[in-house]
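Supplied in structure tokens, the structure appears directly below.
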């Protein structure tokens, strides 16, 4: 997770960042003692999140200023619709959740808050605002997984959530997150300037707070 | 609250509508025994809500298809920015809340969820989607206040919230709400069709649910 | 080109539709006597058009209400970015236009008018408005090519534009256009209603007029 | 027309700026020998322009990040809907054009191109992009009128277009334009940075070019 802007945004978010990345949900998931009901609720809502995540990158295609930006946004829509959603449904099935059950579950307050906040930032602002609002998710998940995998307290054997950690700590996802951090720097160079930093930092901190609320929603279901 | 479409949307929302319009927050406000801390938290967040409400009607100006639609949306931006926000600040002051305190308070999860949900419906859909997402607020508040004022259990004398009830039960607000219900019928005639009803009903029910969550947020602060 | 709504929109557009689909540019292209300068100017501007076409379908991803809608919009972004733009650059090269020359050419008034009209309809309205604004292009090109290929006045041998006609008259493009017409019917069933028809017809007729202006721009360059 | 960013944008636009601000339409209008048919066509299309101008400022209300930004955008919607459009209709009447005739006239290619370009910049970008796209109109008209009024070649007596010049050269409009230039500086400080300048300059130059096309459309009708 190099990337100058991302690190500055993390620093500006202060304790909000750790409240998200080291949330009890995450720590217990890594130790393997997260209640299954918490994880199942998270999974179902995360499926809903993915639909809006694909919408957000569709919006980014619209908001692109050149072919390279367009192709990057498009590749994230493709990854979500062609790969992630399918994997997610398979994974949910492994946890005893059918596609019909997932689709029947109402969208939680926390899911609505986070996804629509991101979309509104993207529509009210420009593509940099949108990418900053998405960064706690894309880059944050990579940081969370890498940090937990490196933590001796994390249980590897017999941890029912090992697959989840392995996916986000894996090379493929880590590389996608690095690209996202690099894209932030690129967009900040072309569309940024120090004057924008306070507003971007506020967007980032709110998104990180809403991510923490999302974990909390999972825990509360247990 | 006449208005064919509005009544159909209320009917389709089922118990969600009463869970919002007869929420414990409202009933206790009418009886005068709502904890002041609950009301204060509501007031501060409602100020935040108003800012996004003005943004939503600004969006409706953009989404207008003729001058009459534009003028109606514009009059609601004007009412919010020129009148409501000022009244709100005055009213908050009466409850011991300074403008600086209001502005310093972070936006609650429930405020983010409701306001951004409305804006996203308005941007993803058309002006009818936007007006339907706003209807539980605009028309709903009129119904809530009228219903409570007519209820013998409502305390008039010495009720610290009497002014709030009187404002929304008053002729001016009731008339604004009737115009909003009539505008829904007009938009449904020009942009609707039975095929749209299920999606509009889902938008309306979600908005009503998020309004109930907004009351709950107030109560939870007490 | 079956598709109830599309045929109704064509009928409502009256002479505007033929002014577009049987424009002198098209007739001369089919006869093989269109000046090469006209075609080259068209090609360069059509490249610009494709960039905004991809943006429009990115916007449609955002405006989707379910996974099927999202996947369809996404497949059109993919077709444009992964296939069409590459083919277009290759094709331009065959006409002696390098990618650098194409990119250096300023965007013509007619290109701006048509592409931004479509995007504004898509943003101000809903996905049905967007798809109707795009239909003269997607479905219209299939009709134009099929009609010309069936016309005895069309020159097959030695026609420098034969490849262009063959592409749009070919099975693959005709099938894509039929899907687009079917998608209009589907969206009209779910989001339409007779009340919307006049506004949709006005959008369609304006888009067809702007397509005719686009041909005229090509001719004027000769 | 003070305002650092505005002057830099003008300088970057090079000859495009003069091609707009000293267009033959403007010079002949100032000398009083512009054909009346040219002016009438301009007036009718300018009415259409105003409707989209109000939409653009409605969009700016939505895109505002604080109350001051919101109020400024709102005041421009108000000025357009409550004052400008009425004045325009009155003024058209003085030129023998009824409101029905104005409304019946189709929107010209040049009107569509300019207005939708502005709206797309505003939606794809942020509020600074939107204000920059609008600046050639708002600030440019003030510069055009001031320059012509100061020009000895301008005919004051018996010039049928004197009222038009006087309005835009008048203190009220000049002050509105200065506010718009100052708002650009403010937005550039908060949302800008040198990295953005090339893209902003491209937006400004295209908008100025589309304004020149708008004058040309008037001339071509004579």
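The chains carry the letters A, B, C and D, assigned in the order they are written, with residues numbered from 1 in each.
Here is the rule we go by: a residue touches a chain if its C-beta (ideal position, glycine included) is under 8 Å from a C-beta of that chain, and two chains touch if they have at least 3 such contacts.
Values in this document were obtained by computation on a predicted structure and should not be read as measured data.
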Contact-richer chain pair [A-B vs B-D]: B-D
Chain separated most widely from subunit B, comparing mean CA positions: C
Self-contact between copies subunit C and subunit D, residue sets same or different by half: same
Whole-Å gap separating subunit A and subunit D, where each centre is the average of the chain's CA atoms: 43
Centre-of-Cα separation between subunit B and subunit A, whole angstrom: 31
Rounded Å distance between subunit B and subunit D, as computed from the means of their C-alpha atoms: 37
Multi-partner residues of subunit D (at least 2 other chains): 55, 62, 119, 123-124
Parts of subunit B lying in touch with subunit C, wherever the complex brings them together: 62-63, 65, 123-126, 129, 188-196, 199
Subunit A partner contacts - residues on subunit C that touch it in the complex: 51, 54-62, 64, 67, 70-71, 73-74, 77-78, 81, 85, 119
Subunit B-facing residues of subunit A, complex: 55, 107, 109-110, 112-113, 116-117, 119-120, 123-124, 206, 210, 213
